[in-house]
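There are two complexes below, and they share subunit A, which is joined by subunit B in the first and by subunit C in the second.
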Partner chain A sequence: MAIFKKIHTWLEVRLGIDDIVDKRLTGYLLPRNINAWYSLGSVLLVIFILQMVTGVLLLVYYVPDADKAFKSVSIIMNEVPFGWLIRMCHAVGSNMMVAVLLLHMLSTLFMGSYKSPRELNWLTGFILFNLVLATSLTGYLLPWSQLSFWATTVASNSAGAIPVIGPYLVEFLRGGKLVGPPTLGRFFAVHVTLLPLIIASFVGLHLFLLERIGVSSPPFGQQETKSTWTGDRFRYDRHSNGIPFFPNYLLQDGTSILIYLAIFSAIVFIDPYLFFPTTAFIPADPYKTPAHIKPEWYFLANYQTLKVFPSEVIGLLVQGVAMTFLALLPFIDRGKERHPLKRPVFMGCFVGGILLYFAMMIWGHFS
Partner chain B sequence: MRTPLPTSISQLFVLCFALLALSLAIPCAARGETVCLQCHGAQTGRGGIPVKQWRNSIHDENGISCNDCHGGDPTDAVNAMSPARGFLGAPKETAIPAFCGRCHIGIMKDYLQSAHGKALGKGGPTCVTCHHAHDIHKVTLDLINQTNCSRCHTYERAAIIKNAMQQTEANISAIGSTIQNLKEQGVDTDRYEKGLFALRNSYHALFHEVNTAKVQGESGRINQELAKISGQLTQIDNEHRQRRIIGGLVAGLFLIGALFVHLLKKTYDQ
Partner chain C sequence: MQTNSRRTFLGLCLGGLAAAATALTAYPIFNYLAPRKQTSGEGTVSFPESDIPPGGAKFFDFRGSTGVVIKKTNGELVALSAVCTHLGCIVQWENVKQDFLCPCHGGRYTPEGIVISGPPPRPLPKLPFHVANGTITVG
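Right, the complex of A and B next:
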């Protein structure tokens, strides 16, 4: 034990770690009624790190060339030691990241945590959600399979419906009139450099905002902490009677992360093909259109929305309005009440929105 | 100079008729109906029978039409059957293997080397004796049966050949579906597919062989090779099973870890 004491003293003298521990861990108090849903942010942080690590490992063998991409992925899956595990972790992880992000956002909505003074937390989170979707879309093309080629063709085609700039936008995205080798190059560059950098920046900003303003209290459970923020000046939302982040809530984070890892590893090892249709393992063939091209599950609702309206422009417009409304929700919904049962209109929209999203997703799958 | 617009009733009538004719012609062209099919298909007598038989055949399924075998011009009703346009008509009995063999080259070779082929022109069977001329279906072992074979000789030897080949076919089919399953899981099956393709060809070459000893011997060799591929595929399948077991253990360990951390948290909460 003397050795630990020595290390502690050495670090304390140089870094003042007792102060850091006091301010950021043991002395960092959270609302007493905080629940497990608040730990989804930590789960997402773990997923992001896992995606970064597996992505870098895949880069060792992946070749971003239309003639070699599929073969290189096949080599990763079949010849590289544990290559299948790295690839499956990355591919399944991307799907799980979207799913956990959706849960995180829904819990934030349900508990009204997006409300003033946390508008910027919501906005940065919403932007992060869209960035993750963009990362998934760009990563989807990289294996250069029939699925990735045709799903990207359909997805990039949708942008063409935007009046005036649509055709130019499609050409800009694809690097040509059609999806081809330049598209792969562009998507690869954006997927491995630009988007991870932007995402990392926004994660930093999101955490900074969280730390700066303090964690919100859930609107139910023991009402031991109440926000006294009046909007006149900046005020850190401290929870003087709360529980310490370390060890109490860090253990909750640990529980949630371990439960996530259990589900994640079960899918990766037992049925990773849950997210892979047959066309995912056939090399891209621009002259052979598969019978049923469907986007990933998280784009199915968008895909079906484009189909239900008489023109794609209206479909895009409706989605644009819905997304803008969601992004600006904290600026529109200015009421102080956060308890969901005391907000019947909000609850109606919340439940209706989820049901509509799932209905469109299922319809899109079977249409 | 601008063409004057049709003003008289007769000109309008001609225009309407032309449009109607065009609208009727478009669906026909869209279906790719040749003049052979249009003319013979409409016939109720002997001339229409081949079209009816062909419509149920594998040739129709694969887009092989009358002119692909019989030659001629499928776009010109007047000269469709003109020898000047390459029309061959129906082949004589001894010319049938060469007629079919223009596409089925390997099969023709196998047939000509067999006892059936050596009896060509001496009462032996030609391609159409077993496969029919127009009502041609995908070949299965069911083609070797008491009714077909007993037309010329006893069924015993044919039955021995059929038995030997049935096992091979079952093995090929089972390995084919295993390869397909593994392919859908991202396994690089190229090598196994090529091996199976070569063995399937060897197996198909036996279809026209009537030497029972040779069929049995060759079937044995093919089955041995198939067993090797099957063994390799089983190994991959076992690896996947191992992964699932390990996955279950890993997931279980994470859950135990989660329970432990949760209980630890409870102690701090108290």
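Right, the complex of A and C next:
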């Protein structure tokens, strides 16, 4: 133990660690009635790190060449020791990331945490959500299976519905008239460098904003602190008789992370192919479209929307409007009330929206 | 004292769990990254003698490294490891001068692999080979 004390003192003299811990962690107070849902952000941070680590490991053996990609993935799965584990963690992790992101967004919506003065938190979070979807989409192509190939064909095709520039945009995205080796090259570059960099910087911004503006107090439980922000000048939202982030809330974060890891490992070890249709195991064949090509579960609702509307342009427009509305929600919903039961209009839209989303998803799955 | 020992005990349990989790994570990652076993440990390499023009050389993969067979102008064959004994570059056969040049730091060897000049400390190792029915077998 003496050695730890020595290291601590050495660092303390040079960096003032205690000062940082005091100000940023122990001295950082959260509302007393904060609940477990607030820890989903930490869970997402852990998932992001896991995706980065497993992604870098996969790069060791993956070959981004249309002739060799499928083979290299097979080698990772069947020959490299624990290759299956690394790949399954990455593939299952991406699905779980979208799922946890949706929960994180829903809890933010439900508790009204997106409201003034946290518009920027919401906006950066919303952009992060879209970036993660883009990462999932570009990563999907890389194994170069039938599933990858045709899912990308269909997904990139929908950009063609945009008037005037559509057809050129599709070709630009694909790097050619059809999905082919040039598509793999650009999707690979975007998936492994561009998007992770942008996501990492937005995560940083999101956390900076969280720390700067202060955590919102949930609208439940006894009201310990009331927002005193009047919008005249910057004032950090402090919760004077709240609980310290470290160690109190970090323990909650840890608990949530462990619960997440338990669910995650259960899927990886018991049912790793949960998110894999059989077309994921056949090498891509540009001359043969498999029957019943369907997107990932998180794109099913979008897929069904496109099918419901007679014209692709309208289908895309509807989704664009819905997404823009969500992104700008904090600027539209200016009310101060945060309790869900005291916001009937919001609650109506919230429940209706979720039901609609699930209905479209199930319909898309079975149609 | 009572609470203190309880705290120490729980701390040790937690530390043990953390160590176990770390080991469980590190083991697969280490194995994933560990170099694969080379299959070509003891193999031999064969090719027809006519592959090598008089005064020329033929380079080939030999047991995970590189070997070379040269045919001197008088028709005599020599098989050597082509890995320079200085810092491991692959030596080049100079047809005109009839000797080996290492491009990295200018080491020079005779056709027999003896150092003429430059930094290499040792001669190039000889490789065992035999010729039968016009086929050279190294190894």
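Quick note on the criterion: the second predicted complex is superposed on the first by the 366 of 367 C-alpha atoms of A that agree within 3 Å, B and C clash if a C-alpha of one lies under 4 Å from a C-alpha of the other, contacts with A are read in each partner's own complex, and residues count from 1 in each chain.
In this section, a residue touches a chain if its C-beta (ideal position, glycine included) is under 8 Å from a C-beta of that chain, and two chains touch if they have at least 3 such contacts.
Computed from a predicted model, the values in this text were never measured in an experiment.
*Asks:* Could you figure out whether subunit B or subunit C reaches more residues of subunit A?
*Replies:* Ranking subunit B and subunit C by residues of subunit A touched puts B first.
*Asks:* If we overlay the two complexes on their shared chain A, which of subunit B and subunit C does A:Phe276 touch? Say first, second, both or neither.
*Replies:* After superposition on chain A, A:Phe276 lies in contact with subunit B alone.
*Asks:* Kindly classify A:Ser216 by the partners it touches after superposition: subunit B alone (first), subunit C alone (second), both, or neither?
*Replies:* So A:Ser216 meets neither subunit B nor subunit C here.
*Asks:* Could you look at A:Asn248 and tell me whether it touches subunit B, subunit C, both or neither (first, second, both, neither)?
*Replies:* first
*Asks:* Just to be sure I read the superposition right, which of the two partners does A:Ile263 touch: subunit B = first, subunit C = second, or both, or neither?
*Replies:* After superposing on A, A:Ile263 lies in contact with subunit B but is clear of subunit C.
*Asks:* Where does A:Phe82 make contact in the superposed view: on subunit B (first), on subunit C (second), on both, or on neither?
*Replies:* second
*Asks:* Using the touch definition from the top, say if A:Leu57 reaches subunit B (first), subunit C (second), both or neither.
*Replies:* In the superposition, A:Leu57 touches subunit C alone.
*Asks:* Can you pull the subunit A residues that subunit B and subunit C both touch?
*Replies:* none
*Asks:* Under the stated contact criterion, what part of subunit A meets subunit B in this complex?
*Replies:* Result: residues 74-75, 77-79, 84, 243, 247-248, 251-252, 254-255, 258-259, 261-263, 265-266, 268-270, 273, 276, 278, 280-281 of subunit A touch subunit B.
*Asks:* Can you name the residues of subunit C that touch subunit A in the complex?
*Replies:* Touch list, subunit C to subunit A: 28-29, 31-34, 36.
*Asks:* How about subunit A: which of its residues touch subunit C in the complex?
*Replies:* Listed in rising order, the residues of subunit A that touch subunit C are 57, 60, 80-83, 85-86.
*Asks:* Per the contact definition, I'd like the list of subunit B residues that touch subunit A in the complex.
*Replies:* Residues in contact with subunit A: 183-188, 243-244, 246-248, 250-252, 254-255, 257-258, 261-262, 264-265, 268-269.
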